[in-house]
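Everything on this sheet refers to the single structure shown next.
Order of writing sets the chain letters: A, B, C and D. Residues in each chain are counted from 1.
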C-alpha cells in the first residue's frame, strides 16, 4: 500500500532500526576504536621504505645495504641521501655511514625497492609516523630505518619468504660454484635509460634536422668534458645525480650512473681499455665486486681479476659488455 | 514573572519592593540563560551520538564516559581558535552578525511556558511576539553572509532569506488555526486550553484532525525556519561550503551554531505548547508537585521534539533548491488555509463525531487534490542502463 | 521609564539619520532596521504591544528584507561604490525643506495645549478587542486592505517580471 | 511615566524631517524609499502617541496604525518592484537619470 511520503517513513524506519540495532548487535558497528584496536593492514600495503638487516645481534654489521646509491639516484623526488662509510685509512666500506630518507618528501612509489639489487630496502607498512615538527623530525636516519628480516617476514610473509628463498638460492649457487657464476637476481632489473636513438645527447623533440643532430652529437661527444656531461645528463631523461661525497673525477665523463651503457661507452670511445671497461660498469662505486668501479676496471685490464661477473648493479648487461670488450682486446 | 514577584513579596515582606521586582525579573532570565544553553550543548552531543548510531558508528566517546564532556571540549576548542576576519570584509557587520544571531533565539524563550504557571513573561500577544522575533533572526544570517564578502556566504544568505520568508507564511497560518480554536494569542492560554480530558492527554490539539495537520505544517515550517537538515539549503555544505558562516571561525562560529540550535529548541518548545499540550500531562496541575510534574512533561516533550528533529536529520536527504519554494507555496500554504477552514467546521459543529468526520474528510480530500496538483510530472521507478 | 524613552529616542533618531546619510546602501538598510526597532520599542513603551509586534513582523521581517533583496538585485552585491557626494547636488533643497517643516511643527507643538498631556491610567487594549473591532466596525476597511494587498502582490510580480512576460 | 506628549510629537516631527530630507536630497531610489518609510513611521508614532495619551479607550488609533503599516508594506513592495523594473531598463537606480519619457 502506497501513499504520499511513504518513502520518507520507510527511511525513518530503516534509520530507527540502525539506531536500535547498533546497541545490540556489535557486528553492525564498523568503526575501529583506533588507539585501542587497529586494523590489520593488507600485506601489500606500503608506506615508507626501511632497510633490512639479517641478525638482531649486529644490525649494522648484517645490514644488506652496500651503499651502492642506486636508490638514491633512482628516487624520483630525491628523498634519499647516502654517504658511504670509510675506515680510518679512507678505504671505502660496503655499508652506508649515513642513510637518510625524508619521509615528508617520499611519495611511496617503491622504485627504490624495485631497483635494489641486494633486497636491502623494502617498503614498510607502519603508518604511525606523525611528529611534532615538519622538518628535521620527518627525516629518518639509519637507526630508525634499520629493521630486522624477522620484522619483514612478519609484516609481509609472502614477499619476504620469496626474497629469502631467492637469497638462499643465490648463496648456495655462489658457494657451489665458488667461482665466476654471477648471481642473477630475480628481482626486476633496474629500468635502464634506453640509449637515445639519435646518437646521444639530443632530446627527441629538440628542433633539429637529422644533419644538425648528427653534427651536434659528434660535437657533444668530442666537446670538452664539462659540456658533454652537463648536456648528456638531462638528455637521458634522468634527474641529475648529486653524487655527494664522491666527486666524479673530471676526466671520467662516463662516471655517471644516470647514463645508459651505450652513452657511457661512447663517452669513453678512443680511450684506453681500462677506461672502456670502466665505462661498462654500473658507475655506482658500490664495492659489491670488492673494488670501486675504477679499481675493478683496472684490475680486469691488468689481468689480476678474471671474474667478469662481479658487477652486481650492472647485471648481465655489464657482464656481457665486459666479455665483449675483453674478447676485442684479445686477452681472454 | 508576576507570580514570582508575588511569591517573593509573601516570603520577604520587609524587603523593598523595587529590589523584589528586579530579583523577580532576574530569576527567569538567569533560568533561561543557564538551562537552555545547557540543553543546547547537550543537544549537540545527543545529535552527534544519535547520528552516529543511525549510521552504525559510535559517535563521540573520547572525552569523558560516553563523550559526556564533548560539548565542553568543543566550546574550549572554539574559544581558543584563531578568529579570522576576511581582509575585505565589512568588519563591523561581520562582528555584529553572530551576536544578533543569538539574541532572537534567546528572546523566543520568553514566551514559552515551561510548566503550569511557569513562564518568564505572559504576553497577551505571545505567539505573535514569537513570530516577530523569529523573523528577525534572518537578519543575522543575511548580515553574516553579506559582510563576509564571499560568494558562497552571500549565496547562502540569499537562500536563507528567501527560505525563511517563504516558510514563515505557512507556519504562521498553521498557528492561526490554533489561535482561532483557543481565541487567544497568549501561550499560557493556549497551553491551558489543552488541559482536561482523559489523563490531561486527549485534549491536546495534535489529537484532533486539524491539530494534526497544523502540527505537521508547523513542524515543517519550524524546521525550515531554523535551517535544519531537510531544509538546510542556506548552509548546504556540498553545494555552498557552509553558506553564510563560511568565513566565521572560533567563537563567532560557535555563536552562530548556538543561535541556530537555540532557535530550533525554542521552536520545538512553541510546537509543544501549541500542539502537544504544552506542559499538560498525567498529573500536571497547580501546586508544587503538579508544577514539577508539568515541568517534567514539558521537558520530556521538548526532548521528544528534539529527537524527532535529529532523527529526521539523520534520515532525509536535503530538499532541492528549485523544489523548496514550490513546496512552501504550492503545498504548505494552501494546506494551511484549508486547515483554517477546518477549524471553522470544528468550531461550529458542536456534535463531536460529526465534526470529526467532516473535518477529516475535508482535510483528506484537499490533501489529495493538492498533491495531485503539485506533482509536476509522473514519476516512474528509475531504470538503470548500465548498473544491473 | 524616562531613561528608556530617551535611550529609544536616541536610537531612533540616530538610526534614521544614518539610514539616509551612509554611503553603503546595505549599511543604510541596517540602520533603518535599527530605526524600526527603536520605533517598536516606543510602541512597547506605550503599551501598544500588538502594534509593536506587528511593527517588528512587517517592517523588519518583510520590508527591510525586501529592501535588502532589491539592493542585491540592482547593485553590485557588495552594495558600496555609491555616489561620491552623499546628499547629491540638491542637498540644500532637502535640508531646507526639512528644517522649515521641523521648525513649523516645533512651533505648533509648543503652543498647543495637548502637548502638555501626561498619560492617564494604565492604557492597554487587549488583542481580543482589536480582533473584534477588525471584523465588526472595521470590516470594510479590513476587506479593502485585503484586496489592496492582493493587488499589490500581483502588481509587484507583474512589474518585476515585465521582461519575462514580454518575452513570452 | 512622566514624559509629556510633546516629547513624542517633537520626536516624530524630527523623524519626519529626517525622512523628508532623505527623500528629497538623495539620488538613489532605494534611499528615497527609505526616507518615505521613515516618514510613514513618524506618522504612525504620532497616532500611537495620541492614542496612549488621550484616546486609549478606543481602538481606532490602533486600527489606523495597523492599516497604515499594511499600506506601507504594500507600498514598499510595489516601490521596490518598480525600482527593479527601472533598473532593468536604465541600468541605474539614480532618480535623476530617469528623465526620459520614452519607454
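In this text, a residue touches a chain if its C-beta (ideal position, glycine included) is under 8 Å from a C-beta of that chain, and two chains touch if they have at least 3 such contacts.
Note that the structure is predicted; figures quoted are calculated from it, not measured.
*Asks:* Among the chains, which has its CA centre at the largest distance from subunit D's?
*Replies:* A
*Asks:* Taking the mean of each chain's Cα atoms, which chain ends up nearest the overall Cα mean?
*Replies:* B
*Asks:* For the pairs C-D and A-B, output the one whose chains share more C-beta pairs in contact.
*Replies:* Comparing C-D with A-B, the pair joined by more C-beta contacts is C-D.
*Asks:* Which integer distance in Å separates the CA centroid of subunit C from that of subunit D?
*Replies:* Inter-chain centre distance comes to 5 Å.
*Asks:* Could you put a whole-Å number on the gap between the CA centroids of subunit A and subunit D?
*Replies:* Inter-chain centre distance comes to 82 Å.
*Asks:* Compute the distance, rounded to whole Å, between the mean C-alpha positions of subunit A and subunit B.
*Replies:* The mean C-alpha positions of subunit A and subunit B differ by 64 Å.
*Asks:* Can the chain contact pattern be summarised as a line, a ring, a star, a complete graph, or none of these (other)?
*Replies:* Line.
*Asks:* Pairwise, which chains touch?
*Replies:* Every pair of chains meeting the touch criterion: A-B, B-C, C-D.
*Asks:* Under the stated contact criterion, what part of subunit D meets subunit C in this complex?
*Replies:* Touch list, subunit D to subunit C: 1-11, 13-28, 30-31, 33-35, 37-38, 41, 44-45, 48-49, 51-54, 56, 59, 62-63, 65-67, 69-78, 80-85, 87-88, 93-94, 96.
*Asks:* For a test of understanding, state which residues of subunit C touch subunit B in their complex under the given definition.
*Replies:* Per the stated touch rule, the residues are 24, 26-27, 30, 33, 49-50, 53-54, 56-57, 60-62, 64-65, 68-69, 72, 77-79, 126-128.
*Asks:* Going by the contact rule at the top, pick out the subunit A residues touching subunit B in the complex.
*Replies:* Interface residues on subunit A, with respect to subunit B: 4, 8, 11-12, 14-16, 18-19, 21-23, 28-31, 33.
*Asks:* With touch defined as at the start, can you tell me which subunit B residues reach subunit C in the complex?
*Replies:* 90, 93, 123-125, 128-129, 131-133, 135-136, 138-139, 142-143, 146, 149, 154, 158, 161, 165, 168, 183-185
*Asks:* For the complex, give me every residue of subunit B touching subunit A.
*Replies:* Against subunit A, the touching part of subunit B is residues 50, 53-58, 311-312, 314-316, 371.
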